[in-house]
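Note that subunit A is present in both complexes that follow, paired respectively with subunit B and with subunit C.
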Partner chain A sequence: MAEYTKYVDVTKCDGCRACMVACKNWNDLPAEPEKFQGSVQSHANVTANTWNVLSFIEHEDSKGNLDYLFRHSSCFHCSEAACVKVCPEEAMHYTDFGTVNVDSDKCVGCGYCVQNCPFDVVQLATYKDKNGKEYKKAQKCTMCVDRLEEGMQPACVTTCHTDAMEFGTQEEMLKKAEKRLSEIKDKYPNAMIYNPEGVGGTHTIYVLAEKPSVYGLPEKPKVPTSAVVWKDYAQPIGKMMLGATSMALVGAFVSNKLFNKEGKGHEEDGGGSHE
Partner chain B sequence: MKKSVVSKEYQKLQKDIIELQEQWKTSLDPDCVRPNLDKAAMEAGVPVTALAAIDFDISLFLQWIEDIGALLSKYQPEIETSMQSLKNLLDEETAKRWIDEAFAFNYIYFASFAEENDLDGWIPQFVAETVLRPYLQLTAVKVQDEIHHGVHGAGCPVCGEPVRLAQLEGEGKKVLHCPRCSAHWNDRRVACSHCGNNDHETVKILTIEGESAAQIQICEECKGYTKVIDTRQYIVKPTPAMLDLNTIHLDFVAQEHGYKSAGETKQTN
Partner chain C sequence: MSNTQYSGVKVKRFSKGFVIAHAVNAISFFALYITALPMYTEWFDWLYPVLGGPEGARLLHRIFAIAFITPTFIWLIMDPKGFLRWGKELVTWKKRDIQFFTEFVKELFGFKFKHVKQTFFNAGEKINSIIQILTAILIIGSGFPMWFPDLFPKAVVQWAYVAHNVGFGLAIAVVVGHIYLSVIHKNSRPGYTGVITGEVPAEWAKDHYTEWYEEEVKKGNFPDLDKDKNKKKGA
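Showing the complex of A and B:
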């Protein structure tokens, strides 16, 4: 099956937020009333129930002029995804379209994917069963895999009225990005295609007008070394010896020691801080 | 999300048939179809194929019937005997008659042909229609640039097939597509594609839960319906024939609600 890529040209985006609405609507995601963020941006980041956030960035360009930058942000669907690498239950997996999905039946809510995603797009949602018991599941943009299976484009792409988003085969979208880059280089000297190699390339590629960091993106994201260690060494031995339930407990301990992002902030390479 | 009610296997068979028809169409000499674009006739709703001069190659026609027989037998081996007896029945005279009757969509003729020759009722017309389509499609290719609008109530301006499928294109333009000959022409978004009624009180939309890209436009005046598919949402646009097949559940819904694929012409004095 062909691998598909979402192409996002931020220089065409006018910040209408229709993609956010289409995403909520198609995926039946509940509304999340937010406090005023100090700007017109509605949510600070994607959450477990808001998989797609339009970020609004006030940027001073090299000439000292104010530029208002918009970016549709959701899961990047990395080709070598850290979330897939660290998932102890194989709930995070690649689909036939090359995108990354969560199998909710398998997900135990351990949160390793949340801790290891270099883009901070995976979050845990809390659910209650009929006995009132709470449990957690990882949630993120699915690239509307249910639509892809029917030969249709993701909901966000179909609603974009400025054609800032398009969807097609990887090759086509990369060509489109390169063409567009050559068109905007004069206006935006720092413009670039964002398709980071450190995660094997992504299935959402951007044409950015400025450096990634301006958009709050890591310049050189990569799969954290600790994640590789975890999956390749710790987990198979642990699973053999302990079984899945005990493994989750040990895993939580190891994870807190090794991977914990909290308080460390984001470094520019996005993955270096985990080592 | 709702998947098509048509089985994957049948979809695959239809795709193979469409591919075969495409091959047949491209193998035809383009000059074997000579359309006569009579403006007055077209404005009166006469389909282009009715006035076109078409040179049918009977030996090719018989060859195609063999090809389609082989394809059908691949999917349903028990059909092979019927296809063999059909091959024996078809001489040049019968083939000529088949072309005429398929053009006229004379299902009564094909039903009695099947009965007389002890064939399954669907076989003769299905085969005749399948092998006729490449000629209709070639005609559509040749005149497409001249076809901008249809005449409401007259069906496809190229082959006369009743209208039942529209696609939303560009910025929401409603374009009617013929699943039979693949011609396409424009229509007003809010108008009934059968009678041209554009009263928003009587032209309505039926939507189906879970269908994000499809709706049914219905007309209370002529009781006709048109399936309107937003193909801009598709990654790869399906052919009109496949789109028509895969949305057959919409036809059921519309017909269960009392609407018809050909609207009724209102009697006036």
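Showing the complex of A and C:
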């Protein structure tokens, strides 16, 4: 199956927040009353129950003019996702569309994904079961995978009235982004396509009017080195070491049976009633 | 198994403080190991229902984590002298400690070996102690940022997962050897009784920790086995 990408052209966004509402609505996400953030922005960041936040940034450009920048923010659906790498339960996984999803049945709420996402997107939601027992599950934007499976587009894309968001094959969307970039370069000299290589590229690509840091995005996000050391080296070596010591001791046990039949050496025996 | 090879004379090797600290350490280590296994690898996911689900496993892991921190303090408070001797021996390395290992390999695999004179802790126990101290620092030190991620910078929390894994991997590899020697390997087995009752057969203690045994004989704490043997021969 072809990989799909959400294209976000922030220069076309007018900050209407319909994408936030559509996301809440389609995914049945509960409202989260928030304190006043000091701006029009409703939430500081995406949360476990708000997968899509519109950020509002007051920015002074190189000419000293005030620019009001908007960005639809949600999961980037990395091609080499840190959350997938560190998940001990294979709950975080890649879908057939190339996006990243959480399997809630497998998730045990350990939070490893939360700590390792370079974009701070994944969060833990708290639930209560019938007996009142609390448990946690990782939550984030699913790219409306249930809609994709029915041949529909993500709810946020469908509802966007300025066409700031589009959805299609990766190739198409990248072409679109490059074309748009050439159109806006005169107006926004710092404009760029945000599709970071450090995470293998993403399935939500942006055309940004300014540098990523202006939008609160990491300039060069990557799968944390610690996650690579942990999962690709420390854990396999740990398993190997346990196996190696166990095998050495099985060898020692067999060798003792073969060469030390009479308990020779210093003839120590039992020494207690622990056998 | 009977104690036929020994005369039955026992000597005190470990204080009550050590016995308790060692037991708390061993029990909490294994409880931590079991409660963490399903998070370490999905092969052990079947343990979740046994441990009360992921939440139950996590709660138990944290309770035993607290217990795991206490042995150092238990030993230090109940038996400061023994604790300090341990510390001193860990940093004292002589030629005989290196010689110990060549003989120990023969002993481990059941071949003929000779005893190299050792003090209270032999070189193998010293290496075991040093690795356990280092891994405990790694495991406990990294446990805090994992438990309270909000109090630490993100990079510290991310590297804590690595440290916790490395510490655990090293510790379990060493512990497997430690347990094999204490409960399965014939020649070292009386040491196991020692950490439970505090007492070990005198002959065994003399063979394995000769220098320490001779010191205690000089102090008049332990029987002089050579003298006793000569007496018997003479009789």
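Simple rule for what comes next: the second predicted complex is superposed on the first by the 232 of 275 C-alpha atoms of A that agree within 3 Å, B and C clash if a C-alpha of one lies under 4 Å from a C-alpha of the other, contacts with A are read in each partner's own complex, and residues count from 1 in each chain.
Going forward, a contact is a pair of C-beta atoms (placed from the backbone, for glycine too) under 8 Å apart; a residue touches a chain by one contact, two chains touch by 3 or more.
This structure is a prediction, so every number in the text was calculated from the model and none was measured.
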Which partner chains sit in contact with A:224 here, subunit B, subunit C, both or neither? Use first/second/both/neither. second
Which holds for A:193: it touches subunit B only (first), subunit C only (second), both, or neither? neither
Could you tell me if A:26 is touching subunit B, subunit C, both of them or neither one (first, second, both, neither)? first
Could you tell me if A:152 is touching subunit B, subunit C, both of them or neither one (first, second, both, neither)? first
Which touches a greater number of subunit A residues, subunit B or subunit C? C
Counting only touches as set out at the top, which of subunit B and subunit C does A:112 meet: first, second, both, neither? second
Which partner chains sit in contact with A:133 here, subunit B, subunit C, both or neither? Use first/second/both/neither. second
Which of the two partners, first being subunit B and second being subunit C, lies in contact with A:90: first, second, both, or neither? second
Residues of subunit A contacting subunit B in one complex and subunit C in the other: none
Subunit B residues touching subunit A in their complex are 1, 3, 212-213, 230, 232-236, 238
The subunit A residues in contact with subunit C across the complex are 86, 88-90, 108-112, 114-116, 133-135, 224, 226-227, 229-230, 234-235, 237-239, 241-242, 244-246, 248-249, 251-253, 255-260, 263-275
What part of subunit C is in contact with subunit A in the complex they form? 1-6, 38-42, 45, 48, 53-55, 58, 107-113, 115, 149, 154-155, 157-159, 161-162, 165-166, 168-170, 172-174, 176-177, 180, 183-187, 189-190, 192-193, 196-197, 200-201, 204, 207
Please give the residue numbers of subunit A that touch subunit B in the complex, ascending. 4, 26, 146-153, 155, 158, 167-168
